[in-house]
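By written order: A, B, C and D. Residues from 1 in each chain.
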């Protein structure tokens, strides 16, 4: 399961070296998750309304090549299967013009019960159902 | 009534021209308001707890000279007296090293009742009291 | 002459009030200028290569209604005719879903000779030509 | 070798969950590196002037607890010794009020020759000297 977001690099995202400032890739990962959610009917607001929040507990990013102003980034967001009560996404960002690999990264989210702010050690039912539906396809 | 915040320009705030990206001054204005609030016991959270929010309805900024990475900005935030039910701040940003004028700006905030989200056409009592106290000094 | 950019409000652009932080509209104006440039073959990099930079000397924004996470903003960017050696854009941002007016703003840019960083008091020839071409259409 | 930066969380850094948006920690890491540079006379501009750039090739961050508006973060930035031609910093962010652990992270930078943009596989002389000086103390 994956989805790809297409993002044009803005002037205000670039630094004095003329390249996209490295911290901005975290925004692109977030935009990648949004695209994934739309493609796979996986809505973070639904999770929230079901009584959970899914805070990010890890971000990792390996930078290979820079992006510059007006480059178009293709942010592929891939759902990583895991038996743990976690949501892990892998990201592969390529430059649209030549498909050069720009960076690879991942984010890990956990399920927290909104009522008591405690970590859920098991996968919530509604999420297990969502996964089962997807596997069936 | 005024207060001055001292802010060092960060690498990630500068653009490919090597200068602070113009939109980041709005962040400096916000940091200026925070400094004003601390100096004059004017707490936006208090306003909120008293049942009002004070959304910004206008921002204006005149840019005179650029700031570059590692420059230190002195953000003077000045309360502008007005009979209207508004909070208006003027900002004068100078470079610490040579006191050169960098920019001048202003923000206008209005009082909105949090319960019905309606604009308050009169100055709320608690705010009139705060002003009266300041004048007395 | 105008062009419209379509921008979806990101989670990371919204503040603890649940609305888009007011400073982020300056980014939307920049994205509006990019869309205008594409539509009207008005390239800021061309201006730069012709020996000029066009720094922003004024930003103004009147906020009418907030945008929230996932709202889609339509940023209309309108070229304002002026005999002065300036580039002035007006912006009208509306919410796509109901065409509600969100904010109105403007930016003013001047022409600066890159070789000596001096302000150009006259409209550079290449820019006058671009304008003449557009009027002819 | 370490240094600590003290940073107050700004309103515009917080998200609709009321906590600092996770991507902003990358800015805090950068501010931590600046503080380290000042404390240990380790200047990224010097490196640049010696003919190298030191791009970030990896960022990693483990989030433990959130920061909220007006919390003060203490960003401890620790130089990690390595025989590789890399600059690795570890970061430990704590909340000033109660010294609670907020997050742990790291950044890895490599040396790139600015003239040909090639990776340096050995530690540049000037940098080896800087390290030797520090060890001697």
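Everything that follows uses one rule, which is that a contact is a pair of C-beta atoms (placed from the backbone, for glycine too) under 8 Å apart; a residue touches a chain by one contact, two chains touch by 3 or more.
The structure displayed is predicted, hence computed values, not measured ones.
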Worksheet entry | Interface sides of chain B and chain C: same vs different residues, half threshold | same
Discussion item. With centres defined by CA atoms only, which chain is the most remote from chain D?
Written reply: C
Item to complete: Measure off the straight-line distance from the CA centroid of chain B to the CA centroid of chain C, and report it in whole Å.
Response: 24
Discussion item. Measuring centre to centre with CA averages, how many angstrom lie between chain B and chain D?
Written reply: 30
Worksheet item: Counting only residues that touch at least 2 other chains, which ones in chain C make the list?
Response: 11-12, 23, 27, 30
Worksheet item: So in the complex, which bits of chain C are touching chain B?
Response: 17, 22-23, 26-27, 30, 53, 55-63, 66
Discussion item. Under the stated contact criterion, what part of chain C meets chain A in this complex?
Written reply: 8, 10-12, 27, 30-31, 34
Worksheet item: Where on chain C does chain D make contact in their complex?
Response: 11-12, 14-16, 18, 21, 23, 69
